[in-house]
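Should a chain be cited, it is by its letter among A, B and C, assigned in written order, with residues numbered from 1 in that chain.
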């Protein structure tokens, strides 16, 4: 059991201190808060990837969390915090069918199944107009009672990210984490050694789904207007994958670091300076990192560390 | 590319120190990059959010250019109280999350006095939420969703709404065409879905049956089975509450298939010159709606309309699409409000000034209800005849006779 | 639903399905050879369409000539793709996705810059072969069938096809047996890009071109590639492309029948559910991890 690196503690302290440092400027808080949200999504996706399951359909859990929290707080009158928590559980529940499906499928077929499943969720939200408002979506979702808007959202998003990292780091250190790594590396051999992969895969899906759903719920309360294409959109399935791979899919801090870097690069550096062409440097960054660092940014550390 | 046996990951052992350092570095880098822009005291800042890329780029660009012409015109005449108006242009890429990011940036970072722009409600809605929270008046250039004016928000205004679309389309069918059976196909966006519902109600009141009433998601490319069902039900008029791209496909498939309805009425997008350019002869007889059609239909301010067309042609090298007038008229209304809102326009004072606006524009009279809805927005029915758009309904505005059945 | 409509739906569905399989060919070729997932596939197809559109407008060429023109024009692009994708290292699937995602953004922006955001169509003659099946769709389906069956024959009956299949299975072994693996790779990517280009022109005769439209095409290709491979995973490796064709026909048919019977509201849902059903019902050993 190694001590938590000093750098990680310093990073956390800095993150906590940012709001007063930027004078509570709502724009910076919004940008960083959204950055924490993407980092959480990438971390959740990375958790599943660590267990060897590649998902093309994380939008299912994000959207489920968003709609669950929105509907519970808006139509059922629940307190937003309660709705948020419930949304996490809904996310886990929605992930269960895929977790069970992972017993039969793996690799590319499983990835495609997760994608189809996310589409099914989106279409259910789109067509079940009586419940979800259909294509028109939900308007005027209550916001979380957080006082001075942006600061509250900033800390909540940061809190969710830290919680996600703690959970994931913790799980990785336990025998569960070892089982996940074994399943990822060589499932058949793990089975020969007496491991039943099924419950571990299910657990990975449930955890990943719950964390992603929390992110979706946070989003719903921040933006206060959701519709199927927004919260079940394919970008939500693709971007965490890209961000996590960019950062180093199987490492702990790679996915959130990758997410934060890509998001901030795009929002803060590229969009303001190159409004028409902002996608170009972003795309080049992706291409170059993949070609130079096949293990993502986490691979830098590996190179530095040596064999 | 063969598979090499993979090395066991070293990240089981607590992870290398790289990523946390990277985290820290990223954060520091971000903070250094977030340099505060100097707040210029002189120009009045107006945030403009439209789709410049993505599926709605053609429409968004038309609106943005209309806005640009109006603002440039105002600046050429000395600006507002001697201060130039500076448009901060942002691209929402047709995606709501980008629209949200844009409005957050414009309101919090640049502290714009007002916001303008927008084409579909899935983009206008989220922007209006942030505008309300930050108390920044937002004038939407195209919006239909009725719920947006039912929230009791004070900072949301728009120059278009749903009812005129319903009146024009249902009116045409009820008064001039009188079919027995109509099919309604609609895109599953909030505005189109509401329009379709109202149309069905209106047609039912006029004793016109709607045996086919179908939503579809964008991305559908083969409408022929659907058109087959319409043929089976003996549909006479096809109402397409869909967007420009969908019309292209449906019309082309109608011309390639075995069945032609007696009438085709598209609620959005058929007023664009590009329809005739891309469809050619297949566009003959198509019906659409418009609020302004250069050279054909101008509700008011004819001289200004001609000036707009000239300025647009000079600046952009092509004829303006009708949607550009939404941008232009909205911008003129906003500029009028800025002028009457006092020395430092913004927030509450600008909001009140907008609420008081009463302006004749080529789009008609721009005046807002307390909810932000426009009071005098109108749409008329146009038809493509001999490669040109003409107005065929209502009779008071018509410039040509309706050709029905479709030639 | 009348019998006529049912018949038309079946014909349209099969024609569309064959064309879908054709559109996916380029993706499948690259996937089979290198395990790389080319997320820029849709953009390559669109690029072919745009090149055809531009040539047609500039030189007034008939649409039939545009097809081979675009195919040829895309070959250099395919070679560039080959160079880049060959450099991708483990994990190949994930890394290739990120790489090609970046490439897709570059292509999208290039097309947006060259042809703006307008919707473009490539003109075709009016009229229908059968009611419900326009000439354009029939032509697309015909090209699709001829190409797929032709390639199938090449793959299974010729020496070149054997070489290609062997290299897909085990490039190292093939190299040891004297196969010039590099040339095989270049040829494969060239052909994949050419087919994508040809597909783009035909696509523009039945749909429209828009720089943002690549995602749908890529998703279709991924779906068909994976579903088409299911019989192979179950141990029946003899007809790789026929699996793809069958998958395409199935998707096209399900889509068309749903449209005709229930309407567009249900189209995507039925297709997605059918997909799930097929994936979970497919017999054979479940694939383990990333191993093929």
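By definition in this document, a contact is a pair of C-beta atoms (placed from the backbone, for glycine too) under 8 Å apart; a residue touches a chain by one contact, two chains touch by 3 or more.
Note that this is a predicted model, so its numbers are computed, not measured.
Centroid analysis (C-alpha atoms only) places B farthest from chain C. The interface holding more C-beta pairs in contact, when B-C is weighed against A-B, is A-B.
The mean-CA centres of chain A and chain B are about 32 angstrom from one another, to the nearest whole unit. Residue positions of chain B touching 2 or more other chains, listed in rising order: 6, 52, 188, 215, 217. Chain contacts: chain A has residues 185 touching two or more partner chains. Within chain C, contacts with two or more other chains are made by residues 90, 265, 268, 291. The touching residues of chain A, when paired with chain B in their complex, are 1-2, 5, 7-8, 10-11, 14-15, 18, 21-22, 25-28, 30-32, 34-35, 126, 134-137, 139-140, 149-150, 172-173, 177-178, 181, 185, 223-225, 227, 229-230, 233, 235, 247-248, 250-254, 256-257, 260-261, 264, 267-269, 271-272, 275-276, 297-298, 300-302, 304-305. For chain C in complex with chain A, the touching residues are 84, 87-91, 93-99, 101-103, 105-106, 108-109, 215, 219, 222-223, 226-227, 229-230, 233, 265-266, 268-269, 272-273, 275-276, 279-280, 282, 286-292. Residue ranges on chain C touching chain B, taken from their complex, read 1-2, 4-5, 8-9, 12, 16, 34-35, 86, 90, 92, 112, 116-121, 123-124, 126-128, 131-137, 170-172, 206-208, 210-212, 216, 255-257, 259-260, 263-265, 267-268, 291. Chain A makes touch with chain C in their complex at residues 49, 52, 54, 101, 103-113, 115-117, 119-120, 123-124, 127, 183-188, 234, 238, 241-242, 245-246, 249, 277, 279-280, 282-287, 289-291, 294. Residues of chain B touching chain A in their complex: 6, 8-24, 26-31, 33-34, 52, 89-91, 95-97, 100-101, 104-105, 107-109, 121-122, 125-126, 129, 133-134, 145, 147-148, 151, 188-190, 193-194, 215, 217.
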